[in-house]
Amino acid sequence: MGLGISWVTAWVDDTVTVVSDNRVRLSELDREIGDGDHGENLDRGFTAVKAKFDGLAADTSPGAALKLVATTLISTVGGASGPLLGTAYLKGAQALGDATELDSEQLVAFLTAARDGVVMRGKAEIGDKTMIDAWTPAVDAASAAAAEGKSPSAVLRAAADAAIAGAASTEPLVAHKGRASYLGERAVGHRDPGAESSSLILTAAADAAEATES
Amino acid sequence: MTRLWNDPQRFVDEMIDGFALANAGYVRKVRGGVTRSTRSPEPGPSLVIGGGSGHYPAFAGLVGPGLAHGAAMGNLFASPSTTQIESVIRASDRGDGVLLSYGNYAGDVLNFTAAQEAVRADGIDCRTVLVTDDIFSAPPDARDTRRGIAGDLTVFKIAGAAAEEGRSLDEVERVARQGNERTRSMGVAFTGCTLPGADEPLFSVPEGRMAVGLGIHGEPGIDETDIPTAEGLAELFVEHLLSPGEIPDGVTIDGARCVPILNGLGSVKSEELFVVYRSLALLLGERGVTLVDPQVGEFCTSFDMAGASLTLLWVDDELEGLWTAAADTPAFRRGS
Amino acid sequence: MTRLWNDPQRFVDEMIDGFALANAGYVRKVRGGVTRSTRSPEPGPSLVIGGGSGHYPAFAGLVGPGLAHGAAMGNLFASPSTTQIESVIRASDRGDGVLLSYGNYAGDVLNFTAAQEAVRADGIDCRTVLVTDDIFSAPPDARDTRRGIAGDLTVFKIAGAAAEEGRSLDEVERVARQGNERTRSMGVAFTGCTLPGADEPLFSVPEGRMAVGLGIHGEPGIDETDIPTAEGLAELFVEHLLSPGEIPDGVTIDGARCVPILNGLGSVKSEELFVVYRSLALLLGERGVTLVDPQVGEFCTSFDMAGASLTLLWVDDELEGLWTAAADTPAFRRGS
Amino acid sequence: MGLGISWVTAWVDDTVTVVSDNRVRLSELDREIGDGDHGENLDRGFTAVKAKFDGLAADTSPGAALKLVATTLISTVGGASGPLLGTAYLKGAQALGDATELDSEQLVAFLTAARDGVVMRGKAEIGDKTMIDAWTPAVDAASAAAAEGKSPSAVLRAAADAAIAGAASTEPLVAHKGRASYLGERAVGHRDPGAESSSLILTAAADAAEATES
């Protein structure tokens, strides 16, 4: 019961919606400790992804579709989140090869490669108050769930829940990467916008998987 | 507050169109930004600069003979994307390598670095010198993590002049790095700026107060005080920029030569800047600094933010020569 | 809003000090304003411009080779006094007569005329060409009563270039007059400006509204509309400036050559002006007008007023040559 | 019972006070149909006059003292009001010659020459909505009072009262000179600031004369 291209397209659709619904809130978070454009950056990127997906052939592999997400984000977003998320999708897609149905292990491989891509580009560690604080717990929770034999959608749900907790965990932190790192103690008490958006994106992945499976 | 636009989504595209139409003698629009409209016949290294839009004349206003060869132009206050930068690099390359120079921001570093990797894979010798002039963004011992603000201009000008002289990429990179070593800035602001179509300013400063050490994208300041007099602001600038940790290696204040750039961020006007400059000139003169070729005006703005920054470029003979060399761009012109 | 000053009473004096310090290579402070710091060795007529302060780069920013010889600098938005003007004329005279050029305002006319009389009494051949470009300030049949706004620049530039070429005072006066004949402007604003130390802006425009045809000193506009899009503003400019009564004698729109100057009054930034310029270029192109050497930026401001104006200089061959001739001043530079 | 140098210095003192007290109001009037600086312009000018008068020799003639007012206004005020009022004082002073005590006829000659100076420079006619709408009725009322044999202070009071009425009479007018002339009908309903300030200055002259005489 793996996840195929219909999951990827559903994930993209849900992401477009959730990013657009949270555009103002994400920019608000970014205004507090950054430059106030994170919501707009992602919204611009995923709107472009949606346009590309409109003409997608039905037999495209998940890997190929996710690579399209990657290249579109890289070419349209700019800002820090563009290359970071773009690289996440790119490296994740490469880990999938030509597979048409993704099982739990493949999803863990996807998430791990995606997270490693963000680290490769951004050099952030856990606790630096970046999107990595959402991604790394998500990867860990997904591996644990897969090791317990959970279904693909349950693996993604575990990742999503861990990402949500991870995003919340950024609030008390001082930042060491990104614009917020210039603020020192003034960043304390504010949630990192990139961690928050990553938790939304991973939640969309789980929602889409549950809808696709059922 | 921004008022004149058609569709906020198309703002930057239309701005680039208008800029290129108004400056057709200088620039040519390419995907992701602009390059010089006239290619010089001689080969040599190219200087590609760039960053988010909304800082005019940084960056596109600085493309032309004696300064940059191309500028990657991102969305408002957002780094250009990797693809955009790559496109501008390729359009600006003259076959002898490319120096990338831009302010140190996570988004720009990520995108410029990815673009650099991509063109290097095709054999273009592409290097980077980050601008890290903002003394309020990290302590002196972490200077290379500081962000870049109006000091961009000194580094770009020095690198552009060296490239114009026909120096090698190694040399252009070396002087750019030396220019950045010798450049320090700090900024203050009184109001935030509101992007086209936005309901609220990116940040706000209470009436009568001044944010100290803020970034040029509305990143909050480090400190806040009452608005000082013009003289008080000059004293604040001098106190911080002449503090011992900020004097570059090899410089002794008394007897030093220094280019001051008093930069308006958008709504602080020249008249006010001249009043501040008067005090700056007195204060720096008292400390034994000889001011070289002062610049007072708008060099790196933040839309219509009300604020100002002071940049000091501590020159040696080589840097002074490069700084004062001729340049002819849409927004920065000087005879030789 | 103005924030940076020490004592409002001393604002203009300190501004002139700072301006002269920052531009010592270009200007020298004299009583009542500035003159060029370097006297050209050849004799010839001199161009003296001036008006109230608060419009930088008009007027002092335009003193230098290829443009003005001196600028009389009044208080904020107030004409310089007769004595100040007289002093600047005497300091700028090179022995071959002086052309006075400035915007047509009662105060300026009274003071410049009195100064002209005083120096004529001492045998200086002193003439005047008033700038009357603002189409909203009087109907076409009363063109000579119109006030002068950003069109100052075209008249000054033409006269300054002619003087630089070594033409006689008669000739300099003739081309300046011809330049004014061929120049038309109109302005709009979204907010007023607040002078140093004042509690309130000089005038205000309701939020979301635009004053049409206002003066550069906060004189109220003639009309008020909702804020249009950038394209809508371009259409408004073109509609009024290309209306039949405003086309100078000897010009046919289709096939004409024209220098457009899109001027920001203070807080409208370059990015927005470029978006407007894009539409202007399209609209004027559709009407068959060839745009020559466009200027987009700040040329005649009104402190930090949010507003913009468009000036059209309808050139013939002679005026085009004078407009595009080299100039090197603090705020207006171009190669030959 | 003529008016001497003590009247001139009292007039200057009263003018300094009344201009400073009305600075904001005059600029307010100017804001409505001009550029909002009329109060500041006059305040700057008369503050400078006061400074010059501080060192004035006690035996200065009224004409010489009024000439000093003129040259100071001309060199410090700028704006339209500087040369206009400056010329008024200059031409008025010339009409006085070396006289040390001014009688009613001399005051009429002073006021007439002053008004003529404003007209010579500014070319305004009555009804153009300028300071002339205060000055011309003042001159006419002063001549009438002098013809009736009134005292110098009564002549000045007649002039002042006529100037006040003249300033009020500018309200319904369209302007034909000065900045307000660009406004057409929009100037209707607003009082001309220069006419208003002239009425204040002439009232100060009458007040000073009454105080000096008594």
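Per-chain residue numbering starts at 1, and chain names A, B, C and D are given in the order in which the chains are listed.
In the analysis below, a residue touches a chain if its C-beta (ideal position, glycine included) is under 8 Å from a C-beta of that chain, and two chains touch if they have at least 3 such contacts.
A quick map from chain label to UniProt name: A, D = Dihydroxyacetone kinase subunit L.
Everything numeric in this text was worked out from a predicted model, so none of it was measured.
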item: Intersection of contact partners for chain C and chain D; value: none
item: Between chain A and chain B, centroid-to-centroid distance (C-alpha), Å; value: 33
item: Chain centre separation (chain A, chain C; CA means) in Å; value: 55
item: Rounded Å distance between chain A and chain D, as computed from the means of their C-alpha atoms; value: 77
item: Chain centre separation in whole Å, for chain C relative to chain B (CA means); value: 29
item: Shared-contact residues (touching 2 or more other chains) in chain B; value: none
item: Overlap residues in chain D, where contacts from two or more other chains coincide; value: none
item: Pairwise touch network: line, ring, star, complete, or other; value: line
item: Pairs of chains in contact (touch as defined earlier), listed by label; value: A-B, B-C, C-D
item: Touching residues on chain B, where the partner in the complex is chain C; value: 1-6, 11, 14-19, 21-23, 25, 53-54, 56-57, 61, 190, 196, 227, 229-231, 233, 262, 266-279, 281, 293-297, 301, 303-304, 306, 308, 328, 331, 333-335
item: Complex contacts: residues of chain D adjacent to chain C; value: 31-37, 40-41, 44, 74-84, 86-87, 121-122, 177-179, 181-184, 186
item: Contacting residues of chain B [partner chain A, same complex]; value: 9, 52, 74-84, 105-107, 110-111, 113-114, 136-138, 145, 147, 202-203, 215, 217-220, 222
